[in-house]
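Scroll down for the structure; my scribbles are underneath it.
Every chain is named by a letter (A, B, C, D, E and F) in the order it is written, and numbering of its residues begins at 1.
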Amino acid sequence: MRPSGRQPDQPREIRLTRDYTRHAEGSVLVEFGDTKVLCNASVEAGVPRWLRGKGQGWITAEYGMLPRATHTRGGREAARGKQGGRTLEIQRLIGRSLRAAVNLKKLGEFTITVDCDVIQADGGTRTASITGGCVALVDAIRYLQRKKLIKSDPLQQLVASISVGLFKGQPVVDLDYPEDSGADTDMNVVMTEGGGLIEVQGTAEAGQFSRAELNAMLELAEGAGATLFARQREALGIRD
Amino acid sequence: MRPSGRQPDQPREIRLTRDYTRHAEGSVLVEFGDTKVLCNASVEAGVPRWLRGKGQGWITAEYGMLPRATHTRGGREAARGKQGGRTLEIQRLIGRSLRAAVNLKKLGEFTITVDCDVIQADGGTRTASITGGCVALVDAIRYLQRKKLIKSDPLQQLVASISVGLFKGQPVVDLDYPEDSGADTDMNVVMTEGGGLIEVQGTAEAGQFSRAELNAMLELAEGAGATLFARQREALGIRD
Amino acid sequence: MRPSGRQPDQPREIRLTRDYTRHAEGSVLVEFGDTKVLCNASVEAGVPRWLRGKGQGWITAEYGMLPRATHTRGGREAARGKQGGRTLEIQRLIGRSLRAAVNLKKLGEFTITVDCDVIQADGGTRTASITGGCVALVDAIRYLQRKKLIKSDPLQQLVASISVGLFKGQPVVDLDYPEDSGADTDMNVVMTEGGGLIEVQGTAEAGQFSRAELNAMLELAEGAGATLFARQREALGIRD
Amino acid sequence: MRPSGRQPDQPREIRLTRDYTRHAEGSVLVEFGDTKVLCNASVEAGVPRWLRGKGQGWITAEYGMLPRATHTRGGREAARGKQGGRTLEIQRLIGRSLRAAVNLKKLGEFTITVDCDVIQADGGTRTASITGGCVALVDAIRYLQRKKLIKSDPLQQLVASISVGLFKGQPVVDLDYPEDSGADTDMNVVMTEGGGLIEVQGTAEAGQFSRAELNAMLELAEGAGATLFARQREALGIRD
Amino acid sequence: MRPSGRQPDQPREIRLTRDYTRHAEGSVLVEFGDTKVLCNASVEAGVPRWLRGKGQGWITAEYGMLPRATHTRGGREAARGKQGGRTLEIQRLIGRSLRAAVNLKKLGEFTITVDCDVIQADGGTRTASITGGCVALVDAIRYLQRKKLIKSDPLQQLVASISVGLFKGQPVVDLDYPEDSGADTDMNVVMTEGGGLIEVQGTAEAGQFSRAELNAMLELAEGAGATLFARQREALGIRD
Amino acid sequence: MRPSGRQPDQPREIRLTRDYTRHAEGSVLVEFGDTKVLCNASVEAGVPRWLRGKGQGWITAEYGMLPRATHTRGGREAARGKQGGRTLEIQRLIGRSLRAAVNLKKLGEFTITVDCDVIQADGGTRTASITGGCVALVDAIRYLQRKKLIKSDPLQQLVASISVGLFKGQPVVDLDYPEDSGADTDMNVVMTEGGGLIEVQGTAEAGQFSRAELNAMLELAEGAGATLFARQREALGIRD
């Protein structure tokens, strides 16, 4: 029995609200149950120095948590003077995942930075960030197209992400905080609509996991993928 | 004529939404028109080292802006490795202002940290932070009372803040971004309900201002104060 | 009765010593009684990146305190690895105030940096810095004129600053450390010779202050202004 | 055909040299072909603050690269003033992996820090670090036992790690630098001797990977595991 | 011929002004010609953590340069966020040298920090800092004795320092900036009154120096030592 | 009697192993007994900004210690976020010393960075770094010549370094850790083959030293120099 009463294969309610703030080219509030992340995609002309002159664009991501997004207040990273290892690890993951959605050659020499700021945390902030960040990214790309700054469509596929894990020995999908903090194994899966895998990060928090358990978890992730992509399509008004 | 069409003495629509997030002891979304700041008040047992053993509490504030709260993306302070001078100046002002609301002796050895994070900026983020932060602070104090962690009520008065300025030679209240960036003089006023002044910070951005202009601006601030305190009382369910 | 025995409207003895060190284009030791600040104005060709090509100059300021300028030794900011919030706040104020003295368009693409380093502190270091920094700034401008690097005179007016406050309920001018640490309200006023206000920063350290008290304090500041500008003119050899 | 001429399932020559330096309680030079990492395990009494009084120990890891371990010189992280995201991500992975080898309760209030410093890099530095770090960790545990500082044996299992990937469409094991920089998918697998998985991190560098490809890569990792554990046992003088 | 017209064995005019500022327990302005350094010695109860409980005191030094102490403005180390290598090297030298003056056992558990801040630089700032810092240190020790905080006299000897070098092939003493920047060899010597050496740091800036030249330079340093110690004794009112 | 049983004028066994790693243009493992330092010389086109266009090259050095090179683990400087004063002081010394080996004009606009990383420490790491770094530097210069990137030979002389000191009152050469930590005086000498001195840094750790003792120590250094240069020549295959 899951603490939330959900079925093992049942993700939380997933909501994607576009145009959540007014300045960013793409601004999406993504909610996975009580986890709420604001994903703002910003378009800037130019690319990082090491990419200049290569005729391609760049997608990058930054991640942050408001100090009181969590049960107890965490120190503000800006005040401490550096981003922690967890933050850097997560924003590298988000950036890699979102780059898989885009043909950087077709993006032209633009950089899109996707800021994922956690307003409220209840487990799964990185998977929510990727799922919501992808929608914000699509809006930023549409902005570039609308302004006729790029000609062809650089979007090659939607990407979305969900967590799976072993909780009390059972594979479950979309772990909330009570499950996340008690799970034996925790895995984040980044997927494409066609069933392809972009990133798989599984960690045994206690003990170890078997190939069979890995496969059972991936089944759950694949199943939840259908929901995630449906929500993204609905939010973006994309018909099948 | 103001860009927004408002009257010189007319503040923007002011909204205070309590319980905006679920973890903080006080959580208020404050909106001054399009300026939106999330104010989370966190209660922690204990006080900073230099106050220990003095039998009093402490109120402090931290301020941040989401990178894309503004028209163009600003660098993330956590990534740059330090808080800028403007940030530090603002959070010192918020902290000082909120301490004026509370009898620290009656607070006991608790620290309340008020995090003011700007979700969307359109001028007046520091005045909104003080006004909304005070409501979050009251909720945090009520939490302490409800949990019977303190006996007497440390709240001595509500505080609120509004900006005033000289825009095209005319005194106006509650400047939005277009006014703020074009004003000759910009002044932030922190007030108590009884008409007392807690902080007055006036700056001539171009030229100088006279004693008469200063007084005209203070009149406008005093007028808007009535609205601010009414909104705070409504939000908190305090009758006169 | 003031601790120093001064009258409420009586500033401390104010001394301005030009050419205090030999390398800076403007070098002034300013003394407000026992408060001693060395103000060095340095001329450098060029302007910050964001001003390039706009055909104007820039004035900026930095502020520091020698570790043992105060009663007890303060940590060296260079050793701690960052400037504190108070330092940043003060140097932003000095910079803004000194820019009000100059027509930046007439300065041409030069940057003048005014370093204000407190040798000995006894209250009022920021007001002394502005008052002495303005004299150093004038010397730096004269250097540019003497070297024929600029044609017209960018100085538009002298600026000076004094603190006022409510000490034991009474408005007083130019607070020294014993008054400063015990004052109910503390206000720094930056003025022009013509009676204009450049910056007003008033803070209730305990309780609040009224509009009437604010005005009484501004009267005192205005009165002391005459002395400040007379000292600046004497030091610079400017006749009326 | 692999650039090195190896078979798809053939890892590089793996060498583990114990007692490589003389001060550390465990000191192992691990070589995966031309990748050379010095793994030093240091025993210190006490645990981090957040673990105190819980009657358990702690294992942590730090990772670094000598500036010229790579083809072109990389900036020294100590000189740049911070560890990069890649470094932090890797050392978090090493620490998590090595903790899986140990029963922290049986370790007592000791901290073992495993420093993995890359002397020469040719791909796979993190997998080499885990594999060699585990041997250094065992030596540090033996030191504690020899000194009679702990009674029972906290080692619960050996852990080792290998990279697998898709290179030109084919699954291969233990990628060297030329393969690593050209691989479509790169995956690091941390395993136990019993065939359990501790960590799986797979990333599509270009395109995506399928469940079938994931399984093919895991097969290769499992196969190489036999070699890794054999080398660890030989080095440690453990018979089956 | 030296640029200043001085004889090879002639140091600049050396002045030591005690009680230069009023808060420090020892406050000395030291001038070696146009080089001016303010040396403030601060007494604090307690010692660094690693010395606690050993029944001895500690002497340490910090060094800084006001940004415009030099011909062109140097960046403020506090603003850059770290002390440079030259600064750290100099303050380590000053600290070591001053510790040689004192019997730390007799000092008791007090720390004396000597801040050496360069007001104006013209070569030889480190030697001036040591020579002036020693006088400030003696005043701090006298303060401890006057307040009866220590019983016996921890001062074991005066220490002083002078630079020597090879300028255009000739050994000269007390190099000023024009000589310093053009010297082939530069050497700083820290001495005791009895002719003992505390520290010798000689560097060939161009070419190399011979044992004979080293000895010739040491002769000059020894000769100047007489002047330095005479000035220290005069300043401190110590008769022979 | 020295702890190691060596004669006063007997240095430890000195070994220089070239081509220790494969990426650097010069890679030397230098051993002074149990002190082991990896010296990697990296060639990069271009020079620091302040040297551009002057038609000369630059030699610089960086120094680091692996955390467990020493008896007890030292904090990793990259993790602490800055290089300590000792590190900066040493790397400045190495850089200055190695520049004495080279005619920078003949080097052309190349920068050679010599990274000295201490694998195992037993006293004398800076002297080993200079001695081994010089051999790595020669290999980097030979690389430039082999690639025909420079025409003439910029090497003007070999440089080497050894420590000397007063241990229990007696002058000894090449102090190992037990001697180093107990010596009254410690001196590092950087020499040329012709008997010239490049750098002399002598420090009285306890008491003071006389001119006679200084000379006795320099004699020992000169004697050991013969061994050092012989080892460098052997390693480099240079005949007399």
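By definition in this document, a residue touches a chain if its C-beta (ideal position, glycine included) is under 8 Å from a C-beta of that chain, and two chains touch if they have at least 3 such contacts.
For each chain, UniProt lists the protein as follows: A, B, C, D, E, F = Ribonuclease PH.
Source: prediction; values computed, not measured.
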Chain D and chain A - chains in contact with each: none
Chain whose average C-alpha position is farthest from chain C's own: D
Interchain centroid distance [CA atoms averaged], chain B/chain C, Å: 28
Geometric centre distance via CA averages, chain F-chain C, whole Å: 51
Shared-contact residues (touching 2 or more other chains) in chain A: 81-82
Sequence of chains encountered when the ring is traversed from chain D in the direction of chain F: D, F, E, C, B, A
For the chain A and chain B complex, residues of the former touching the latter: 21-24, 27, 34, 36, 38, 40, 42, 44, 62, 64, 66-73, 76-79, 81-83, 87, 113, 115, 117, 119-121
Chain A-touching residues of chain D, taken from the complex the two chains share: 82, 84-86, 88-89, 91-92, 96, 100, 187, 192, 194-204, 207-211, 214-215, 218
